[in-house]
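Next, two complexes with chain A in common: one pairs it with chain B, the other with chain C.
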Partner chain A sequence: MATTLTRQDSRFYTHLLTNGLQMIGQEIPGVQSVAAAFWVCTGTRDEDRRQMGVSHFLEHMAFRKTKSFTGEEIDRAFEELGAEHNAATSWEMTYYWARVLRENLPRTLEILAELTHPTLEAEAFDTERKVILEEIARYDDVPSHVLISRFMRDFYGGHPLSMDILGTPETINALTVEEMRSYWERRYGTRNIIFSIAGNFDWNEVVKQVEHLSAGWQPGETGRASVRVQIDPSFKVYPTEKFVQEQIAIGVPTVARNDSRYYASAILATILGDDTGSRLFWALNQTGLAESASAQLIEFEDTGLFVVYLVTQPSLAQQVLDVTQHELERVQNFDIEQEELERCKAKLNSSLIIGGESTNERMMGLISSWQTRGRLETLEEIRERIESVSLEDLQALVNDFPLWPKQVVTAGGPLPGESLRQSA
Partner chain B sequence: MATTLTRQDSRFYTHLLTNGLQMIGQEIPGVQSVAAAFWVCTGTRDEDRRQMGVSHFLEHMAFRKTKSFTGEEIDRAFEELGAEHNAATSWEMTYYWARVLRENLPRTLEILAELTHPTLEAEAFDTERKVILEEIARYDDVPSHVLISRFMRDFYGGHPLSMDILGTPETINALTVEEMRSYWERRYGTRNIIFSIAGNFDWNEVVKQVEHLSAGWQPGETGRASVRVQIDPSFKVYPTEKFVQEQIAIGVPTVARNDSRYYASAILATILGDDTGSRLFWALNQTGLAESASAQLIEFEDTGLFVVYLVTQPSLAQQVLDVTQHELERVQNFDIEQEELERCKAKLNSSLIIGGESTNERMMGLISSWQTRGRLETLEEIRERIESVSLEDLQALVNDFPLWPKQVVTAGGPLPGESLRQSA
Partner chain C sequence: MEKGERFLRQRLSNGTQVVGEPMAGVQSAAVGLLFGVGARDESAKHFGISHFLEQMIFRGTEHRSAREISEQFDRLGASYDSSAGIEMHVMSCQMLGDRLLEALDLLGDCARFPAFPDDAVESVRTLQLQEISQRDDRPPQKVMDLVRRELFAGSPLGNDVLGSPETMENIDRQALAEYHKRFFRPDNAVISVAGNFDWAPLIQKLEALTADWPVGTQRDRLSPPEPHQSVTVLSKEDASQENLGFAFPGVAASDPRYHAAGLTAQALGGGTNSRLHREVREKRGLAYAAQARFDGFENTGLVRIYVGTSPERAPESVEVVLGELRKLEADGLEPEELDRAKTRLKSQVIMRSESTYARMATNMRSWWMERQLYSLDEAKQRIDRVTLGEVAALLRDLGVTHRIAAVALGPRSRQDLFQSEMVPS
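Let's look at the complex of A and B:
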């Protein structure tokens, strides 16, 4: 059980239960709240393609019935505890979290632990299947969701990361409760779960309780097969009358989550396409050309995606694409100067530290540290990591992972396919 | 300069500058961030009806040009400071806020102070007018905005609270820069501004700086005429082909912001229509009848509005309305029990305290205390106020401000007017 003290007297804890479940925590002095999560290292990319959507569907089932609680009892219990709580599924993880006052922690942990062990009964499965199908239908009306799904398919081709988190009506209709049970048995074992906690708590009590709660849980499997990512540049337009605006995604590969160049890549995305004050912000938002223009990193265990996302009127789409490509070309030819880099670092540091004052964000930050470094990090360490990025690091990064001109571009909206073309 | 210590060693401060500007603050130990705002006690209800939208338009102008900065300089400065920042306009206030690390506070206060003193030049005014007109057009596509605007007109009739925050194309096109300047001179004086700060700062330094920054500011006017609210029950349906879902708002008057029964009213809204775990949640969300069903308080200086908001498919609208009216009737006939009240208090207390850990929310909370009590309150005091609400208080409240059956109901969506009727 390792203990470290930061300048603010935060205490960091790690403990590996004998059943294989990894526990991590940070005690934050002065707060009354505590945030905790069971983080299951499984998600869409771990699914058999014919069972696409099973991770997300399973997350829904957790709130239907568990060993000790009905769905209504879970909702009422969280209610009584005054808990903020939720669950989420992504390509590489499924997690269940809550934030409460310290006095309500023991009961909250009970419920969170239960959520990882749903009963998966056939009847509830059939009821929930309808909910999932409705959710898929609803997201079909959300322009950004439709475009990003298409883009992920264009970008990742046959790779598991091309799969849709919600699944498709076909895979969801074909899925059986037995298949879900077998997926759960395989992926929801103790060796594949991280428990994280941050805020006001007593570590020894928490360890004892989680050990008790997880007694009898099976180990399951851990890790996943890494599939080589092969990116083929492409330019595709999917015309649709359904939406009024044109959406464009431009993607290139970048470093994986645990790569030492990760913060260089994050800085590049911030300089180019942060919500405010970035190059795309000035070139597209402030000029009124695009309603939305951003760049972000989507990082995975073994690869990363640098994606620019644009929303604009169809009549301006070509101009918006041209301006964006020009900005990407400028970065690729490397005109970033020290002052711009420093401004960006100040911004990242500020949001790192302000974010760190939220027990919720800190609890998530611990998981991120654990997964990328295999140990916990103080905010000070992360800050130093950001500070240490140099112009040379950025330049080396764009040499290794060019932003331009080889890209995967996916567009969708009212424009006919031939009226949008890759910029010269 | 009053100083109070809470249990957590927070320090509360108040100071009235000789120029009339009121300063309030809370030092929070252990955090590195600080949130601050200039809160101008003026908004839509203080506008001449022919100049409707001038408050919001003026807020936009603040980011165009101030005495010392161009709009671009303001954006770049916030950027360099790594500031989270924004501004907002509502019926009774317009405010400018930012959250930064302590080391960046002095520069941040400079900019925030400047924002309250835009230069209001004719050319920038004409440019920004187009932006406002586009914003109005964009909100015309947002179903909830359209419905709530209609509802506020139905509810408040000729009262200033019936006015639209954005204004209308007519009022915005007719507005002159001279009219805006005169509105600004009248309403943006020191006697009408509250400065609030929470987090990590040195109060004496902040007082000195704000005093310096506001030297030479004019006093302007303060307060506003209270107009008697006269509610006439009505039931109106506005058919439109534009939106696919039916939206329904049901409103009744309730207590004003500073009424001692305020927390009773807040508890009632939570029991009836909180996002999760409320009566409407169980009756409408969990049954799949409504996509959205909520109840909330909108509190003003001299009156309050208790509003239920529903979104559903047109084919289910009548059923959703009937179920909602049944729930309102149950509360009116008073079937709330102690256990439900306690659950609700736990929820409110928990979110009060967790929210209080954010410097941002605390800074806003100070303003709310100041405006309702004329003094600052610890979270403990507010918690006690919530705890003290009894079933008798709730019952007395619904007797004084009935939720049912006299209401203002406004609906909009694909349904023809005659196919939706007030529940029997």
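Let's look at the complex of A and C:
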């Protein structure tokens, strides 16, 4: 009997190439597009502090020149392929992705593969250094970026996660192309790369092509030293006259990425600080106190961070802080009810299914599953995991990873240091 | 039309046009309610009221409190949003298709019967005041907004979307209710639905929701604005970058040259293979961000360029941008350039159509602007039909090099930055 397959009737594939490169894929019927990415398991936390920013700078250099293409050829090719494309660097990953219509996939994969093998020439390095310095200057004027930077330093101290993804003008000016090449040689090997793909494609063809494209790539190193995380509570205010609004981040440690309590933690963040209908939404947005009030979960390989982010006018900052601490205390003493949990699950379940209709989101979701669970999960499996979180699970979570009172609080804006105090 | 693609249309009893596009193979549905009201409709006393009203729209109706609205949306697993800009207010919602009709009950209630509770009015006032001052914390966005306002100075299309601290004090429940009554009418609206839904029950629901909704919108006619050349330099000593914005006129969304304008803007600054990206960033390392974008409004259009560069290199950046505009006006686009821009745009159109939300929004907008809906094939054909000659003629008509508004925000002075004869001193 013929049935129309829908986007929910996906097929999942995994394959480890003999050269060590891991491939993961989700074939989605009923779409024309396909999204693919090469993920290199390296990022800012893997850098030598004196070379802070090398991962991100390297990502930029990929678009300057690769083994077979000049930068112009790459840019032109992406346009000819009608591609949506980008690359990004974070603390643990660097990725190069594109989304195209199926008929353009083979050439797109060729280019994406090339991007992981830049030639790193001195002249291009010097020009791109200027662009990186411009980017640093741009984000120096973005209050949220400045706040997060300071917060990560306050939270992680000397730990590698405290480093700035962009680097600093000092480290970027001091960096040499040889140092970048040496970093690339160590970290961009097949053993440290994952290829993910979602949408309309033929798995066997893609495996064959990626195998061919990565033949001759060196294996490189993989893994990273786990550095012990030591969080010391603190309260710091950074007077910054050039900003108009006061920004505050409140952070506590939480579960690492592959912890079985991951979904409980995600639900907690939603209940506390989602854009709509959350505790912070009612206490701060609906009351007009804070222009922005959210809670987010940021997971790393061996640790996690639960952070509340607030933006308000300076004259309301103390009140906003006090109200937020009161909300955190309430949740810590555990006043979450079943009905609230059910509503949160309904929200998350719906957004999971809707997200599942997007090839981009699925291509990203595959990596998340792979790194969290070590395997691929169907949407139904994820839905069940969300569904299975109970009030007891949430209570156990806040007992093991308290939201309050021991926190790292970082504030920045026009307020002088003594104008903001830790709430009583 | 592509296999399986079909449009459905229905004019409701009191005039609202409903457009629908069922999509196979998806579970979600997206709905949008568009009302023709925005900053351009405001009086000086109440600048910012459209945005204010938009912030109020989910904060309580005659039948439901803000909390009830929020909890009911959440239980339906529906994500919801509203946005108000220069000429339109859109309320949108996305959910699994089997919850659409219930979500419409909520959406319809919010659209028709907002209560504007006093405490909510005070909260939104405070928040909008915060938004107004927060603009100074976002130099690129501030520059992009200012350059529109400068180009369209003297026209309501140049109005400040957020208003001012003064006008915020003038807005109260009565003003909001009157504004709502004037513009939120069925004859001033389009409803668009896309995804997993059944048409007949949808229309039945919408008829019920819009029953007895009085018609009679009083929206002022707007003449296309005269573009206003100007240079504005705002001093910000402690900014790490010099933020540069340039604007010149485009064409209206319903103009036959709409796609020619979009493709030109794309070739100029719409991606990593664009002229601005190559000349400003790749070749000279002058900036991280060097972009152009085109926006089509109901009776005019706008092309804006943004470059963020270090203060020392800002004069050079200005020269490079103006040089590129001169070259563009003189020589137009290369054939391969136009072809590649077409390929990219067509690809984007197709890929975007996989999203129920994007499909809903595209149809909503194209019905509002043109009273037309375009299948994917038709959309691709319209793009393909653009010729080099058309682009050249457009550039001549727009007169890009002598109808520019420029804004700079950063440490540099006017003399340092704007030496060229292209911008008036």
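Assume the second predicted complex is superposed on the first by the 416 of 424 C-alpha atoms of A that agree within 3 Å, B and C clash if a C-alpha of one lies under 4 Å from a C-alpha of the other, contacts with A are read in each partner's own complex, and residues count from 1 in each chain.
The rule we apply is simple: a contact is a pair of C-beta atoms (placed from the backbone, for glycine too) under 8 Å apart; a residue touches a chain by one contact, two chains touch by 3 or more.
This one's a predicted model, so the numbers in the text were calculated from it and none came from an experiment.
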Here chain A is shared; do chain B and chain C fit on it together or clash? clash
Between chain B (first) and chain C (second), which, if any, makes contact with A:Glu357: first, second, both or neither? both
Could you say whether A:Thr312 touches chain B, chain C, both of them, or neither, answering first, second, both or neither? second
Between chain C and chain B, which one touches more residues of chain A when both complexes sit on the common chain A? C
Which holds for A:Leu133: it touches chain B only (first), chain C only (second), both, or neither? second
First (chain B), second (chain C), both or neither touched by A:Glu380: neither
Would you sort A:Phe63 into first (chain B), second (chain C), both or neither based on which partner it touches? second
Tell me the contact category for A:Phe78 with respect to chain B and chain C: first, second, both or neither. both
Looking at the overlay, does A:Ala346 come into contact with chain B only (first), chain C only (second), both, or neither? both
Could you tell me if A:Glu121 is touching chain B, chain C, both of them or neither one (first, second, both, neither)? neither
Which residues form the common part of the chain A surface touched by chain B and by chain C? 8, 29-33, 75-76, 78-84, 99-101, 104, 131, 276-277, 286, 288, 343, 346-347, 349-351, 353-354, 357-359
If you look only at chain A, which of its residues touch chain C in the complex? 4-8, 29-33, 63, 71-72, 75-76, 78-84, 99-101, 104, 127-131, 133-135, 137-138, 140-143, 241-245, 276-277, 281-282, 285-289, 291, 311-313, 342-344, 346-347, 349-351, 353-354, 357-359
The answer for chain B against chain A in the complex is residues 8, 29-33, 75-76, 78-84, 99-101, 104, 131, 276-277, 286, 288, 343, 346-351, 353-354, 357-359
Using the touch definition from the top, list the residues of chain C that touch chain A in their complex. 24-28, 59, 66-67, 70-71, 73-80, 94-96, 120, 122-127, 129-131, 133-134, 136-140, 236, 238-241, 271-273, 277-278, 281-289, 308-310, 340-341, 343-344, 346-348, 350-351, 354-356
